[in-house]
Structures are given as C-alpha cells and as structure tokens.
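Below is one structure, written out as structure tokens; the observations come after it.
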Amino acid sequence: MEFLVRQENRMPVMPVEEAARIKAAEREYAQQLRDRGILRRLWRVPGTRTAIGWYEADDATELHDVLSALPTFPWQTITVEALATHPQEQPLQRE
Amino acid sequence: MEFLVRQENRMPVMPVEEAARIKAAEREYAQQLRDRGILRRLWRVPGTRTAIGWYEADDATELHDVLSALPTFPWQTITVEALATHPQEQPLQRE
Amino acid sequence: MEFLVRQENRMPVMPVEEAARIKAAEREYAQQLRDRGILRRLWRVPGTRTAIGWYEADDATELHDVLSALPTFPWQTITVEALATHPQEQPLQRE
Amino acid sequence: MEFLVRQENRMPVMPVEEAARIKAAEREYAQQLRDRGILRRLWRVPGTRTAIGWYEADDATELHDVLSALPTFPWQTITVEALATHPQEQPLQRE
Amino acid sequence: MEFLVRQENRMPVMPVEEAARIKAAEREYAQQLRDRGILRRLWRVPGTRTAIGWYEADDATELHDVLSALPTFPWQTITVEALATHPQEQPLQRE
Amino acid sequence: MEFLVRQENRMPVMPVEEAARIKAAEREYAQQLRDRGILRRLWRVPGTRTAIGWYEADDATELHDVLSALPTFPWQTITVEALATHPQEQPLQRE
Amino acid sequence: MEFLVRQENRMPVMPVEEAARIKAAEREYAQQLRDRGILRRLWRVPGTRTAIGWYEADDATELHDVLSALPTFPWQTITVEALATHPQEQPLQRE
Amino acid sequence: MEFLVRQENRMPVMPVEEAARIKAAEREYAQQLRDRGILRRLWRVPGTRTAIGWYEADDATELHDVLSALPTFPWQTITVEALATHPQEQPLQRE
Amino acid sequence: MEFLVRQENRMPVMPVEEAARIKAAEREYAQQLRDRGILRRLWRVPGTRTAIGWYEADDATELHDVLSALPTFPWQTITVEALATHPQEQPLQRE
Amino acid sequence: MEFLVRQENRMPVMPVEEAARIKAAEREYAQQLRDRGILRRLWRVPGTRTAIGWYEADDATELHDVLSALPTFPWQTITVEALATHPQEQPLQRE
C-alpha cells in the first residue's frame, strides 16, 4: 500500500559531530528503505527542513515501525496520508 | 489494515420514496460490509448526518472501491485516516 | 456512552528507567480499563506518538476521571468526541 | 450528561406563513424540552441566526434523537461538545 | 450581560504545596464569583485542564477585571464569547 | 459596552432599483445608529464588500436587535467581538 | 522542476454520455502527459474524487498551461506545491 | 503605499462572447492601471484562476476604488495585505 | 491611512520593577502616539493581554516604525489589517 | 521561475554584536542575490519581523539552496509559493 508522508524535522542545535552522525545514520537508513522498495521517492519542501516521502508498505503498522525507526524520529512531526491506486494507473501499480 | 472514516452525508431533499429506497440500499450494503468483516463499527456524530466508521480492508485501494460503491457516495464528503495497530493491542488485532 | 478520544503524547525526554516505569504503568492501567469494558479499542496514528481510543463510560465526567488518571496525562493533549449509536447498529450496541 | 450545542440555522427564504409555522413549532418543541429538563438554557450568538444551547440528556444517542427532531433540523449545522462536571461544581450538579 | 468563557489552564509543574495553595485560592475566588452572581456555571472539557464558564457581568470590562484576578490567570489562555438573550428565553433572563 | 463587528455582505444580484432601495435604507438606518451613539465608526475591508464596525450598545442582546434590523441582514455573515476598555483609556471611555 | 498537485474534482451530475466523453478525454490527455514525462504518477485520495499527482514541468507557467488544459479543469479545485530535489536523491533526479 | 492582493476569480459559466467581452475589458483596465503605476506586477497561482497582484496606491481607500472597478469584481474573492518597505530596500522604493 | 492592529503581548515573567518600568514606558509612548493622532483608540480583548488598536499613519512603513518602537515589541505578536474609508463615512474621515 | 516567499524570522535574543554581525551578513548576502537577479523585491509585513520576498530561480531546488544559505536560516519559518506568469504579462516576463 502507498502513503504520502510529510516529515517536519525539528532537530535542535547540537554538537556538530553528533548532528553529522545522526545525519549519516539517517542517510544510510533511508538507502536501506529504498533497497527494500519501501521508500520510493523523497522530496524537499523548499525553504524548510521538511521532507515529503512516497512510501510503500504492507500497511500503516509496518509504515509506523519504519518511520519510528528513523534516527531523527524523536524530533520529527509526521503526517501520513493513505493513497489509493488511481484507476488510470491500475496496470502501472509497480514501475 | 484499519481505517477511521468520517462520512458527511449531504443528500439533498428528494421525493420520499426515492430517499427511502436509497436509505434501504445503504442499510443493506452496510450489512454486507459487516458480514465481510470490512465495516467493523459505525457511529453517528450527534446532531449531524455524519457517520464515523471503523473499517478494515486490504489497503486504501480496496477501501476506496468499497466507499465509492455506497449508494449515498455522490453526496458524501469523506475523509480517511489510516490506523496502525497500537503496540498494546498487537495480539488483539482480530477480536 | 461511547467516545472517540485522540491522545497526543508529548512525554519529554527523561531517564530511560523513568520512561520505562511510566510506560509499564500506562500499559497496566490500559489493561484494567479494557477489563472494565471502558477502553474498547486503541489505535496508533502512524508516524506519531498519538493514539486514538474508542472508550465507553457512563458520561463525560467518568471519562474525564479515567483519562486524567493516565500516568502520561500531564504530557497528553487530548480531544474527546461524543459518539451516538448509529441507527444501523442500534441492536448491536454491545458486541 | 451535559452538552454544549452550537446550532447554526440556515433556513432558506420561504413563504411567510410557512416560516412562521416552523418557528412556532420550534418554540413549542423547545418548551417541551425545557419542561423535560433536557434544554437547560439557550443563548443567541449576536448578529447571527446561531444559537448555543446547554442540554442535558442520558447520552449522545438521546441528544441526537432530540436534536434531529427539531423542526429546523434539515437546515441546521450543529456541533456538539461533551461537558464533564467541574470538580468545583460536583455537589451543584442539579440546581 | 452573559458570556461563554473558555479557560485553558497551562499551569506549569511546581512544588505540590504551591500548586495546592493556588488551587485553593482559585476555588475560593470562584465561590465568591458564584455568590456575586457573576459565575453562573462551570464545566470541564473532558480529558483536558480546560474549563468552560457561563459568566454574567455588567460588560466586557468588568468581565476582564474578574478574569484577570483569577489566581491562575498568568497561565490561562482565555477566549470570551458574548451571548445575547435568545428570544425564546427573553422572560427567563434571570432564573 | 463596545463591540468590533465584521459584516460580510453577500447580497445577491437583483434588479438595480431594488438594490438601490436597500442600499439607501441601509445608509439611512446607519445614520440613525450614529445619531443614537450606537454606530461609532464604520470601515471598509479593501477589495471586498465586508465592513468592520465599532459599535456601542447596552449589551449583546441590544446589539443583536440593532444588527438584525439592518436591511441587508438576511445576506450578512456577521462576527461580533466583545471589547473591554483598555486600562490606558479608562478616563477616555466617552470621547 | 517537480510539483505535488492536489486535484479536487467537483464535476456536477450530467448526462451519462457527456460524463463518459469527458472522462475518456481526461484519460487520453493524462496518458499524453505521461508519454511527455510531465505526469510522473497519479494517486487517488481514498473515499473522494480527489487525485494527487506528481508532475514534472519546466516551471509553474508550463504546469499551469498543462493543468488548465485538463478536460475537467472547469470543475477542479487545484493546489500546487513546489518540490525541491532532496539532497539524498540528487543523483536519482531522473529514474 | 504597496499592497499584495490575492484575487480569486469565480466567474460563472456564461455565453462565450460575454465572457470574452469581460476578459478584454479586464485586460484593458489592467493595462491602464500599469500605465498609472498602480499595478506593478501580476502573477498566476498555477492550476487556478487566482491572480496575485503587487499594487501601489495612495492608501487602502484608493486601492478599494481601483479593485472594485475591475470588470470581474462581482465574482472576485479578494484579500489585501499591506506591505511596508523593507529596511534593505528603503533607497530602492521606486525602481 | 487607517489600520486595525491586534497586539498579543507575551511579555515573560520578570522582576517587578523591570515590568513596571516597561509598562510605564509603554503608557507614555502610547500617549505620545495619541497626541500625534497616530493612536486613535485602544481596546482590550477581555480575558487576555491582547489589545486591539485603531491606528492612523501615512502608510504601512510608518506604521511599522511606530509599532516596532513599542517598548513591548520584542514580545508582541502583531497582525495589521488595512482599512479603507467606508462610503458612508467619506465626509467623516477625520472626526 | 518566480516564487513568493514568506520568511518569518524568530532570531532569539543574543549578544548585540552577534546580532549585528548576522544582520550585516544577511544584508550583504541579500544584495548579492539582487545582483544575481534572484532576489527581485523584498517587503516587510508591518508590525512583525516577517519579510515577503519575490524571488526568481531556475527551480525550487536552486531556491532552496539560496534560502538555506541565509545567515538567519536556522531561525526562519519559510513558506514558498510557486508563481506562474500571468497571461497579461507574458511579454513583460523580464523587466
């Protein structure tokens, strides 16, 4: 099932190395999600630290487990929107 | 997967028999959804013609097909919220 | 009477043991509410620490007493929505 | 149980006698509700045709039945807020 | 003149005795307002520390003086709604 | 008592003479309110047909009677805000 | 440049053939946009007639020309959100 | 003085010649405003019939007169935001 | 030009003398603005520390300079609404 | 491509020299953006520390890079609105 996820990152100011460590862990974790076909695409809302992600997971429970494992999760304000396949794209479900 | 669905019904005034026919069809269709385990529970928002339904479907695409087949769908303003299983209720998924 | 209750948990960062103690107390308290037929169902809003609960209590005063006794109550932002029994479910009031 | 009910009346323009008939029926019905102890108080939001009512009913289901029997119900946009008894007024529940 | 007043109390965590002292002062002050016919009724919004009060004062200036003298005023977020007497209750103005 | 009143006028398209008649009646009525010291000042929200009025009336009930007698009342969406006298202007209450 | 576009379709009730003609034209036009790499993906918001589209165009002016040529444009309420490429996906710009 | 003006155009469907006549009148009128230095710039909100205009007028009263003379004014929903000159652009006030 | 200005004061708790000093400076400054015809009237929103001011300034730039010189400006959340002279009050512009 | 950017600056209180240094850096950086044709115009929302900017960049990604390099970026709450060229201004794209 597909989801549109808005992730507003409010990571506080912290020592540079700590911030870099978390950022690298986040990047690596995101790549794993791409490899598993869970994170399909990630965009940046310009002028902000908010990302919009196109995710695919079995259901909202798996999605929650995936999102709550983000290294930045403690500082994230996340809203999830369930997506149904559009009739025009029924055959195109999986590019 | 579970969903919380808010269904605001704005059925216009129409001939009494027509309205009764649609209402009966809606009642019958809802019962079918209960029998299929899709409609788990339906409440009324007091003072309104809005219902809140607890639904269970494979994914949002199946949910959309189910909702768009409601006899009152043309007059419904519907909002869908995806629900993840709460950690406290993991074992209770299916009563 | 039935209620839909949205519980947004903003528990601050605290020592691990303290957080675990509160979480365990919350889990135990929730189970007591289930046993008393007050907490009928609890879901997680994916990507958040917000729960949605289907509660049943004599009235809003009893519900308030129940909610304000939650171990996490000091950090909860709660909204309560009164639910009327839907005409379709009049006979099914108590599963 | 007590409720605060906001009733926004959007009765369309109609023949004067028809409007007067409905208004009289509404006034009479409201008086019955007062006599039954259901309608405790009714205020007008100044500059509008919106009323705010303090109601008391067994639960939201009874409240819904009462409100949906209002002669003006088809043109009302109603929001209901559940009220718990304030600790300061526990003994004053029933004036 | 009558007012509907929503009082969201965000009193921070403080030493137990201090909190109890303020709460007692608030209770006593509220009782004085009842005795003066200013505080007509007080309800609790379930699941929150918000109260809804039905007040009667000469005008908004007197109401402001009354509210700003609440011991908890520094931590209150208050919204005031002016109420007009409903035509149905013209004769019942003063119970 | 003073009020800030936002009056959004949605008068539909109608025969020119009818519209002119209502506009003249509104202008005349407004002048009467000025003469009675009830309408203190009226502004236009630029780009709209919305007016903001500074009114003074005994209470919200009198204000409602005044506003509901506006010739354009059937097409007005009105919001009323109660105003308290600012401490800095206590002596200036009546210019 | 990439955009997230929310398209709320409020096509009124019309003769079946007319509705079918417009729907077919819309489907064909959408396919052309896919072939031109402008419409990257289209989802359905479950329970509604709203679609969310991932579009790619030179700029907002080209996007407007594309959207305003939709056969259903006269009945669409559209909101457009500009998307920046996320640092994690810089190299993946074009799948 | 400078203003940012959002003009949402809800011109109903009308005979083609009538719509073309109004559109031409609007285009001509806008050009006059440019020539008078009142309309500094006009943009389109993509996917909509809403325009955002940067206007300069003596004050809000002149701006209102200018906007209410738009041929499409009867169908426009307009919001006006007053703009102050930014300290960085004090010398650049008039390009 | 006239403006309606909403000033939400969130001055933090501070030493009594410091708060009194700022309040006195604010009172004095406000009186200067009255003497210059800039501050025409100031009201209190009951139950809050928010003031609503009717201001008159050459334009929004002068208004900004006036408001940003308020001793409490660092703690103020201010919204400004431009006001056009109402046709009914054209001759009354300056009382 | 053109953008309307709302920049709400919440720079905390800091040592005077530090604040002056950042302000100077911001002024210098803004001038560079003007010289590059990226910052076309900047206005102040009166009574606030919010600026509204008219920007022009290749796309939202370039705009994000420009905005996130603002010395005040860590304290900015920014919203970006994509602008399409209005048909009336097609030929005037570049003044």
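Read from first to last, the chains carry the letters A, B, C, D, E, F, G, H, I and J; within each, the first residue is number 1.
As a working rule, contacts are C-beta pairs under 8 Å (C-beta built on N, C-alpha and C of every residue); 3 or more make two chains touch, one makes a residue touch a chain.
The UniProt protein names, listed by chain, are A, B, C, D, E, F, G, H, I, J = Muconolactone Delta-isomerase.
Here the structure is a predicted model, which means the values were calculated and not measured.
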Shared touch partners for chain B + chain D come out as C
What chains touch chain C and also chain F?
D, E
Tell me the rotation angle, 0 to 180 degrees, that brings the C-alpha atoms of chain B onto chain F, to the nearest 5.
145
Could you tell me which of H-J, A-J or F-I has an interface matching B-D, in the sense that over half of the contact pairs are shared by residue number?
A-J
Distance-wise, how many Å sit between the C-alpha centres of chain C and chain H, to the nearest whole number?
51
Report the inter-centroid distance (CA atoms only) between chain B and chain J in whole Å.
46
Cα centre of chain I to Cα centre of chain J, whole Å, reads 28
Which chain B residues sit where two or more other chains touch them?
2-3, 44-46, 60-61, 63-64, 80-85
Listing of all chain pairs that touch each other, if any do:
A-B, A-C, A-G, A-J, B-C, B-D, B-G, C-D, C-E, D-E, D-F, E-F, E-I, F-H, F-I, G-H, G-J, H-I, H-J, I-J
Touching chain H in the complex: which residues of chain I?
1-3, 58-61, 63-64, 80-85
Residues of chain H defined as touching chain G within the complex
13, 44-48
Enumerate the contact residues on chain D facing chain E in the complex.
2, 4, 27, 30-31, 41-46, 51-52, 54, 81-89, 95
The answer for chain H against chain F in the complex is residues 3, 5, 7, 60-61, 63-64, 67-68, 74, 76, 78-80
